[in-house]
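Per-chain numbering from 1; labels A, B and C assigned in written order.
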Amino acid sequence: MDAPPEQLTLDLDGWEGPLDLLLSLARAQKVDLREISILALVEQYLRYVERARVLQLELAADYLVMAAWLAYLKSALLLPRDPQVEPDPEELALRLQLRLERLDAMREAGARLMARDRLGRDVFARGAPEGLRTVRTGPYEANLYDLIAAYGRISARSRPVMHVVQDREVMTLEAAIARVSALVGSAIDWRAIETFLPDMASAGLRRSALASSFLAALELARQGRVELWQEEAFAPLYLRAPAA
Amino acid sequence: MTDPQTLRAVEAVLFAAAEPLTPDSIRAHVGELDVRGALAALVGHYEGRGIRLVERGGRWHFETAPDLAHLLRRDREEVRRLSRAGIETLAIIAYHEPVTRAEIEAIRGVQTAKGTLDVLMEAGWVRPAGRREVPGRPLMFATTPEFLSHFALKSRRDLPGIEDLRAAGLLDPVDLAFEQLAVEKTDEDD
Amino acid sequence: MTDPQTLRAVEAVLFAAAEPLTPDSIRAHVGELDVRGALAALVGHYEGRGIRLVERGGRWHFETAPDLAHLLRRDREEVRRLSRAGIETLAIIAYHEPVTRAEIEAIRGVQTAKGTLDVLMEAGWVRPAGRREVPGRPLMFATTPEFLSHFALKSRRDLPGIEDLRAAGLLDPVDLAFEQLAVEKTDEDD
């Protein structure tokens, strides 16, 4: 039996992917899917894709992937069977047939489902039901903890809010510039930036002083009043007075 | 004798209709049939059943039999929890009684829905307690003996005070952590 | 023989309900009566009438007789048309449930557009039904009671042709079916 592929319009939007197209081609053969010749089907698919290419229709990638796979399957089916070759082409063909049968079964099932007496289309529920109501009655429950926690919540909420920002010891940029420029003086040796920091300081103040001193060093370097040297990123930073 | 097919058609149209129908609008669906005859036959058919066909101002509809109306409403016995607004309002009344609705709202910082006080009174925990002798004479609310027994309190003096609440950490919920600083500051100033 | 009062009560509750009811929820309204007996009696009573009492997934409701559809369809919104992808996906879920998206795609041979499952869930016919305990824990999908009522199915066993499909192995995954065939082949060869 020879189903002319010319009957198929080349409407790519009509199919949902290669498997859908294969199933449509198979159905056009009008035989039980279990009896279908996979080889004939493969040839139809390849002819279809070839035609689409001749007409310069853009084919989605998955159609081409399927075409390549089917071309491989076709050659494997036509060549004398080599038992060493895995997977067995007969097996591949059978798997393809099983997939087509399953998709076909679901398509059929979907059509039968849609044809049933559907609520709101073929049969109708009562248009204006009175409705059923469930009225809840019964004792209320709350415990003492809920009660006092609620009061705590309200008290906390209604208490006047005052935000206090604690004083932090900081070194200002101005102070750092004064300190670094004074200390660097006319030193000709490289000195690490840490040696410019005040000794006493708390950890917080040292961090502030380091940040300010670094900015001070950059500023002084820009003004040509200090030279900077660092071997690599994150390496110690050295300062000295510019060579006269 | 009305043809059974007419009866079926009229019955289905009335059942599916979203509103009561006049005989003319029924005819628009079923065609030129004996609609009035069918309506009369259906009224007879549903006599004494759980539903009945009735006419109201020339329009027809099915409704459930009036003596069965109580079945459509089911009372379910269950323990109900107070809403957050409910428990807060109850707490304010318990700590500040007698207190007016305006005072409750001032303390909570939000309006109190009418239903909230109703629920507390329905629960039997709150009662009206006279009127405040100020302009408008607003109603005051107080707790009841049932309130004390439900919460296993001998008297209102058993309610933990502000200092107890603070000690228990109930004055500084997590989302108010910032206020912690303010509270400590205030204590120091004392 | 069901007591006429029970019959009336069950009839009224079902008529008034906005959605299908289980025997248990009917009992919650009418009390400890022979609800199942009444349902059976009512089904018989409405046989051949313009409306009928039907069971859908264990829940009962009245609906109009299907042969009268033509009288009722006018001036009603057309039920939303499902796309072909939607119909196929719904059929696959109904016949295979619970099923993952990957399993749906394996059968259809194409990716499922995001909107396809959304439309089915929005229609109330499909719901997420837990996760498959395999790597990635993919979500599974199944049909809802609304699906059964919409498509006039008493239960999933009523799905058209489901027994034949199952017997033919068409609801088994391809791998399983293939192994099955391979075994039969070996047997024949012996």
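The definition used in the following text is that contacts are C-beta pairs under 8 Å (C-beta built on N, C-alpha and C of every residue); 3 or more make two chains touch, one makes a residue touch a chain.
Model, not experiment: these values are computed from the prediction.
Among the other chains, the CA centroid farthest from that of chain B is the one of A. When every chain is reduced to the mean of its C-alpha atoms, the one closest to the centre of the whole protein set is C.
Annotation: 36 Å between the Cα-based centres of chain B and chain C. Taking the mean of the C-alpha atoms as each chain's centre, chain A and chain B sit 45 Å apart. Residues of chain C in contact with at least two other chains: 13, 15-16, 29, 62, 64-65, 72.
Counting only residues that touch two or more partner chains, chain A has 124-126, 130-132. Residue ranges on chain A touching chain B, taken from their complex, read 124-128, 130-144, 146-164.
Those residues of chain C whose C-beta lies close enough to touch chain A in the complex are 13, 15-18, 29, 61-66, 69, 72-73, 76, 78-79, 82, 84-85, 87-88, 90-92, 94-95, 107-110, 149-153, 159-162, 165, 168, 170-171, 174, 177-178, 181.
Residues 16-20, 62, 91, 94-95, 98-99, 101-103, 105-114, 116-126, 129-132 of chain A touch chain C in their complex. On the side of chain B, the complex with chain C involves touching residues 4, 7-13, 15-16, 29-30, 48-51, 62, 64-65, 68, 71-72, 74.
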